[in-house]
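For clarity, chains are labelled A, B and C in written order, and residue numbers in each chain start from 1.
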């Protein structure tokens, strides 16, 4: 991987570089993101990510809301993964206020966040293939499966994507046995779908040609730029917050963390496919032994009715989870009032995006697009 | 390793889906889409869209007492309430104006959760698109008021639970012969109202 | 069956005979040419219209969708609705564009696509012009579309367009060479450049003498077809208009009817390339029972289906891989194929020559993929699963 790329001029022809703006209106920048690219022919000489087109003042708005009022806003950060966003925030506040969560609620949280991981990785693979130029077929197969999971989310939380489902000390509503049965059915059928999906993609020569050895992210660079999530694990570093922090109930389930060896786009793609298979394992176990019981800590139940009475003690805390995109952290400072005094998000997409220039230099335009795709960004979370 | 076999395998997958789309059921490679305006998927009971106000018998006397809790707790502040007054300018326990700007509302359902009077609930109809965002997309009190029967129709289990709880509270009140000054207190609600 | 087979020819003959009662002979000749031109000029847009619908339907089904079905029954009026939309759209010309070239490019783009119809044998005796250099004419004419694509990209003054134009020029010139070379064995075997004569050379034994059933013919067919896909800028070789990378490539700055013209040229090219592949390797209009022109359309549409199938399945190549494929795999293979085809005709023992030719081609394919294109071979990956 070249750190920088110099234009090679021959003696015969005087060439110039071409400056192109990819975005903010571009079919595959995953939202309103701009790459300011200098091209030597098709090769990228410099690349500058320009962000902020989707900035909507999330943190400042949150500081003027009650703790519960922030919850629906977190849905809209990374709009593919509302449930994990909720979970990260709920965990931060629970740590701050010292709230415990009943066991059934913990199980439900694990189940929904693993389903979220399936959704996210499915749509990532689909969008990546769209960036590669496949005409919507993988994304539509992925969305076909995602639809089933979204239906479940709608059934339990009332909304398909903007779930607003978690509450401090539990979850909003209980899972009915029928929903559990649907979940089990989805989990059972999912590996079969993944096999078909992989038959379509994983061994496809064109995909291998396009993705292998493209956008290699070396271990040191990944660690130094605090990359997290599947992007980091594709580079071969064993760091999964589900294993490191063992938050919620993740130490109860048997699952393994897939690691890539090279850290190129193909590894980033395939690690996610393997992660989906591991998520299915977690889901199977969790759906098997979910206990009966409370879904909301009785101490915090009144606060769901009157959010203004919820005043965490003065202090600060940082709650983090392994969101499908990486380490999603919420930093909340309380001054004893119903509103947080400071509220900050460590958004994995944003931090994973910082290495874009380093791993794109010297590659072709087409590679930059798929590298961006494989980093898995959602602009709602990048710009906040 | 024969170059091109992976591509052929991929082609077989799409061909299989092409063929099965003609005669298989949706979950086994058949058509998964629904032709929306003609065919509709059943609306899930817990589905939430924009809020509405419940009245028991008379639209003039809704359950809402204009306490403005929902307006205060609404994260987007899309609810605007003004208390009704009697001819002597004495405030009454019902809203004169109850507006919800549904261009701002984000369907989070927090108003429904915080309401102590079981008055505001999330509605089902989602086809509210309009070209006139000032008039059509600002719901006034009359647009919002819907009967309890309607609530029972869209969410049978939730409404039944709410009604049962309300009845229990009423009976408790009657048997305890509460003082007139306490009638306005919110009924003690735990999570019994959850569907 | 003979009546059906020559129904179009006879209709035309009767019509001309009727006219012959009043008009002089030279006028009849002109009318005859006029009819042919008229038929092709109508056929082109009609083909484009139903191919767009067909593509959307087929890809929709591959993705478990229904595809367009709102306008008319099964959506058959969808192309007309699209046409109306295209006509009524604003025609935008960028401020700094070279206005004349910008206007000319889409118009000129359609002409080679239409000209290519002239040498297609649609059925027994149904060839618009039976040129003795028909194949050469087809290749020559279809390669001029490169110029139009480059005109469009240059005149638009858009950086994405320029990128698309450069890609297109490189791609089309590269793929021309293996495409022509893959046809050489066919010419060797048929001893003619006339498309009609090539079909007749495959006429014996009701189908089993098609060139695709020989080892060299199969390879040449695959290469010709893939190069043809690349020639008409279709997936997985659709780099000039790679949507996810360079927005729309050379037609980024086109709207309305001009855009529709590009679209039309693309679909007509799709048709002509498939038709030519069917003619050269699948025996053209040859076939039992059904009328000849029906056979021609069936074979052509089978190949068109394959093109749509590719589009529904495959991701796109990168520009250097695309070049590598043409220069390092297709070109050497076609060169070897010519020699194999020559040897095939020298050896008379049927089994021996089939086995020998297949073996040589298979070995050379493996050698070329392993040695020349090692860099593009998929790597075997291993993944650690840790606790």
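Operating definition for what follows: a residue touches a chain if its C-beta (ideal position, glycine included) is under 8 Å from a C-beta of that chain, and two chains touch if they have at least 3 such contacts.
Only a predicted model underlies this, so the values are computations on that prediction, with no experimental measurement involved.
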Between the pairs A-C and B-C, the one where more C-beta pairs touch: A-C
Most distant chain from chain C, judged by the mean position of its C-alpha atoms: B
Chain whose averaged C-alpha position falls nearest the assembly-wide average: A
Interchain centroid distance [CA atoms averaged], chain A/chain B, Å: 29
Length of the line joining the C-alpha centres of chain A and chain C, rounded to whole Å: 43
Distance from the mean Cα position of chain C to that of chain B, given in whole angstrom: 56
Touching two or more other chains - residues of chain C: 62-65, 312-314, 378
Residues of chain A touching at least two other chains: 137, 141, 144, 200, 203-208
Residues of chain B engaged with two or more neighbouring chains: 3, 6-7, 10, 13-14, 17, 32
Parts of chain C lying in touch with chain A, wherever the complex brings them together: 59, 62-65, 159-160, 162-163, 166-167, 235-236, 238, 242-247, 311-321, 376, 378-379, 381-387
Chain C-facing residues of chain A, complex: 18-20, 26-28, 39, 41-42, 129-137, 140-141, 144, 200, 203-210, 212-213, 236, 238, 243, 256-262, 266-267, 270-271, 274, 278, 364-367, 369
Chain B residues within the chain A interface of the complex: 3-7, 9-10, 12-14, 17, 27, 32, 44, 46-48, 69, 72-75, 106-110, 113-114, 116, 122, 189-191, 194-195
Chain B-touching residues of chain C, taken from the complex the two chains share: 58, 61-66, 69, 309-310, 312-314, 365-366, 369, 373, 377-378
Complex interface listing, chain A residues touching chain B: 65-66, 68-73, 75-76, 137, 141, 144, 147, 151, 154-159, 162, 164, 172-174, 189, 196, 199-208, 296, 301-302, 304-308
